[in-house]
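By letter and in written order, the chains are A, B, C and D; residue numbering begins at 1 in each of them.
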Amino acid sequence: MPTILGQNQYGKAENRVVKIVRDGDTHHIKDLNVSVALSGDMDDVHYSGSNANVLPTDTTKNTVFAFAKEHGIESAEQFGIHLARHFVTSQEPIKTARIRIEEYAWERIATSDGNSRFIGAEEVQHSFVRKGQELRTAQITYDGRKWEIVSGLKDLTVLNSTNSEFWGYVKDRYTTLKEAYDRILATDVSARWRYNWTDDEQPMPNWEKSYRQARKHMLEAFAETYSLSLQQTLYQMGSRIIDSRSEIDEIRFSLPNNHHFLVDLEPFGLKNDNEVYFAADRPYGLIEATVLRDGVEPKIPVDMTNL
Amino acid sequence: MPTILGQNQYGKAENRVVKIVRDGDTHHIKDLNVSVALSGDMDDVHYSGSNANVLPTDTTKNTVFAFAKEHGIESAEQFGIHLARHFVTSQEPIKTARIRIEEYAWERIATSDGNSRFIGAEEVQHSFVRKGQELRTAQITYDGRKWEIVSGLKDLTVLNSTNSEFWGYVKDRYTTLKEAYDRILATDVSARWRYNWTDDEQPMPNWEKSYRQARKHMLEAFAETYSLSLQQTLYQMGSRIIDSRSEIDEIRFSLPNNHHFLVDLEPFGLKNDNEVYFAADRPYGLIEATVLRDGVEPKIPVDMTNL
Amino acid sequence: MPTILGQNQYGKAENRVVKIVRDGDTHHIKDLNVSVALSGDMDDVHYSGSNANVLPTDTTKNTVFAFAKEHGIESAEQFGIHLARHFVTSQEPIKTARIRIEEYAWERIATSDGNSRFIGAEEVQHSFVRKGQELRTAQITYDGRKWEIVSGLKDLTVLNSTNSEFWGYVKDRYTTLKEAYDRILATDVSARWRYNWTDDEQPMPNWEKSYRQARKHMLEAFAETYSLSLQQTLYQMGSRIIDSRSEIDEIRFSLPNNHHFLVDLEPFGLKNDNEVYFAADRPYGLIEATVLRDGVEPKIPVDMTNL
Amino acid sequence: MPTILGQNQYGKAENRVVKIVRDGDTHHIKDLNVSVALSGDMDDVHYSGSNANVLPTDTTKNTVFAFAKEHGIESAEQFGIHLARHFVTSQEPIKTARIRIEEYAWERIATSDGNSRFIGAEEVQHSFVRKGQELRTAQITYDGRKWEIVSGLKDLTVLNSTNSEFWGYVKDRYTTLKEAYDRILATDVSARWRYNWTDDEQPMPNWEKSYRQARKHMLEAFAETYSLSLQQTLYQMGSRIIDSRSEIDEIRFSLPNNHHFLVDLEPFGLKNDNEVYFAADRPYGLIEATVLRDGVEPKIPVDMTNL
């Protein structure tokens, strides 16, 4: 047979599970989009169509919903760990499970006594508004021995209206760009960071706290860096996380340079003193890099931050 | 000529203008997506291609950017009023101008002294993160005599995890739905409200405050209504705005019913006590209605809330 | 009561129904996205939450799928007529039904004898590839007496690489645009046309043929018009349909001007002889107009072509 | 320094270049979306912000447009080869260039003599309509010595209305799926194939012909396979390409299982004899695999087909 099968995986993608926990009148919500990918002894189903080793994708969907009841959803990472362990340990042909999760954040709707005609309205504890902003992500991979947890976020749009320059670059035949000494720097942060927790024997990180802290460090580094290039800002964002969070060994960013061009108002007899910008869509610069703890092996794939 | 021209309009759509105002080290940002539509004596350009009455769409774009400098952007509504007045009063063939604006909201990135290596970082006042959540909208129409201002928002996703029922409905041959006495109610609010300010002689509403208050009333009414139908919730949201804001005469909603189906866990020997839901995409219920002050004439078109 | 209810409607949106008809081994496919909107005596459900007049949106969904079996899907228009008539005539509180349909087109996958290892492969008659290109639309409205049928298409992207000019326009203080004597003209056609069939007593148009002919005339008019403005091209597209199809009385277009800017290559010592263009996203010109048979009353709303 | 820089790359993404070639009155069009990613000696720009080794992303954009003039666009692959070679050979710090291209296909608008009022309209050779259907892709990577060319397509939606079964699978505690002996099989094909051309000394494949043939083989294999699992269909699609095209060594697919659920019409007293289906959005099965020539090393990354 001159043609063979290479890497392969399958499962149910984008299971939208919402879990409500009722603590008296106070409700809590977790809202996830869960994708399952399983690999293992799957040659036959590709070569002959025999499904003897195939747990249906429909079953992987059912498992997601059943586990939301059986194990609850403490965090996206913990939920993914339950799922991945189950698939690998309960089905002999399945050797590796990869769970990808997107989490939608919600906050409570504040209600005020004064404006309310509903008795006790200030105590409404079951009403939520979606936060918008970033989508939180988690990828949990298990091969029966080791865990790999890569968490992150995407679509977190940030902008500095000053403290950004760009000059001193290479000029070739095709260079027309003017140097800039005070420009807007804006990007949609997509970041994925890998934890050094790999073994059930290790103490598990506090996933929720770690996420909040990583996000905070990223935003602060973005705000506080006087930037000579988006690459420099990226490195500051990454190194601050590596320096501050010992549970994280590696982080990869994909940062589009959301160009804001100063509009030429001179034809209208007006001076544009860094006030009026045109926010462009395409093309955009795209800056991507991994920042990692010295001595560790990088494992986050090049394109994972663009998914 | 058996074929004639009907309603027509033209202009530059989706001009993405960002305005930075520098108050010392403290910067302020306005981020708009502005679309211009002009109508008037435009028969010739359609019948013969003569552009003698046509102000180019490129010029309408330039005007948006120039006006951001000349007039500033106090609010989307005020900015649209400047633009609409200009086009109608400066170009004889143009009889009506309609300006549509989407506004992206930003909030400041908080930086903390303790974690910062940048001197004075706690005082960073030029760094912003986009709020996400709803898109604010404004439509300003001017015919040289009267103004029509329709403001609104879209993509504001809300959810009540209880206090919603649905029963007592019509049953016909095709009805299979089970009655529900405790369900999730969730929607993406799209709303447009019309102000009764129509004349330069009237005192102008405070557009920013009015927006904040209308949004607040909507959210509170959503949270506080014990709902027997999404229609009832919609009406409560609308009537609370009409009752509370004398400057608003009419509001129209388009509310998808974002179905959250209780997952049947019995096949797995589990009981689903209103805990685990499947969030569905399509199909969805769609509830649309206008709520208005008694005695006023409705003017918001049926489909405008779906744009 | 100072606040009242205005226009309102409800129903299930985006029911994705696929119908396979098996004619021996030859299969036929219809693939629709059907949205139902019902209006009538619905005050109570808004004011008090009483659902006594409400046929659930879930039932309207079931009806769509049941009717695909009971009546088949001869055309989107005919299917919508069956549905609208049913809702209005079977439910006393429902006075008007509006059915909106998007249709996805498919074509057969051609298989060739020579390359095939599957016996009789050249006769495969159950394999389809989606056509892409435009989405066909239909809106069917019935109030128990009269029909209004508005068909159309959207996302049909077309481009002329020459025979387009733009000059002789108004110049004001904000005009910087250079006149163009040979430019690219490109747009994504969104069009909706209204039939003069309104009554069951009239002979019904051949919806499929009429769609094909309207599309053909639009494309030909786009290709054959030497254009001095996109408005002129729009009018030619519309008038050719009105002139050629007696069953159509009115057509409305929304045509973005998909700008293709000639790239300035002079800084690189190159001459751009109308060869290399930058295709821009935003902003874009937007040209909208109704073309109608002389003497008929226009009925297609201003924004319907933008939905 | 405890934190270091890992893999990094930068460039201008999504340069939308349209090239018109005029062969007398007959025009030809190429419409590409080109993204440039460069790597090399870029430590300084990350660590200190020094741009001394940085060719601006703006320059990479200019180069794309200039090369469309200087070299023309024979094919996406050939165009990418010109670009990648230029960046690596002209800038000492740049060690690797990766060019990603999406191509939009166009076809001519047919015009007919009879309906035309424009003299010679049947000969219009400058009018195009976008084909829709799949997006063609190409990725060209060059490190100064070896080439890697990965071509492909995405969003090619196909459907078989019969000749698909699914049974004989593993059943566990969470399995509820019923076996199916005649189901719809539908997917959006995303495929990327790697050529064994790596060296300027080798004869270059005919990229246009190879693309057409790979696409044809995929479609035929999809249509002709009597499928017991989507994995089996995937493998047939891949192996037919490897068997038929000696210039291709490896292909990876990402195939969502676009579920079409048979609607239960029994509550309405109707029998659904494989006629009426509900086309679901989420969740969906997702089947991914690499198929490769025996003996070659797989190189297409796991996630590349999902970009």
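Convention: a residue touches a chain if its C-beta (ideal position, glycine included) is under 8 Å from a C-beta of that chain, and two chains touch if they have at least 3 such contacts.
Since the structure is predicted, the reported quantities are computational estimates derived from the model, not experimental observations.
Novice: If I rank A-C and C-D by number of C-beta contact pairs, which comes first?
Specialist: C-D
Novice: Give, as an integer number of Å, the spacing between the C-alpha centres of chain C and chain B.
Specialist: Inter-chain centre distance comes to 25 Å.
Novice: Could you work out how far the Cα centre of chain A sits from that of chain C, in whole Å?
Specialist: Roughly 37 Å, centre to centre.
Novice: Could you put a whole-Å number on the gap between the CA centroids of chain C and chain D?
Specialist: For chain C versus chain D, the centre distance works out to 28 Å.
Novice: For chain C, what residues touch not just one other chain but two or more?
Specialist: Residue numbers touching two or more other chains: 15-16, 62, 66, 174, 176, 267-268, 281-282.
Novice: What graph shape do the protein chains here make by touch: line, ring, star, complete or other?
Specialist: complete
Novice: Can you name the residues of chain B that touch chain A in the complex?
Specialist: It is residues 15-22, 27, 29, 31, 62, 65-66, 68-70, 106, 109-112, 115-118, 121, 124, 126-134, 156-163, 184, 216-217, 219-220, 222-226, 244, 260, 263, 265, 267-268, 270, 272, 274-281 of chain B that touch chain A.
Novice: What part of chain C is in contact with chain B in the complex they form?
Specialist: 1-16, 35, 37, 42, 45-59, 61-63, 66, 90-91, 93, 166-172, 174-177, 227-229, 231-232, 234-235, 238-239, 242-243, 250, 252, 256-257, 282-294, 298, 301-304, 306-307
Novice: Contact residues on chain D for chain B in the complex?
Specialist: That would be residues 173-174, 176, 267-268, 281-282 of chain D.
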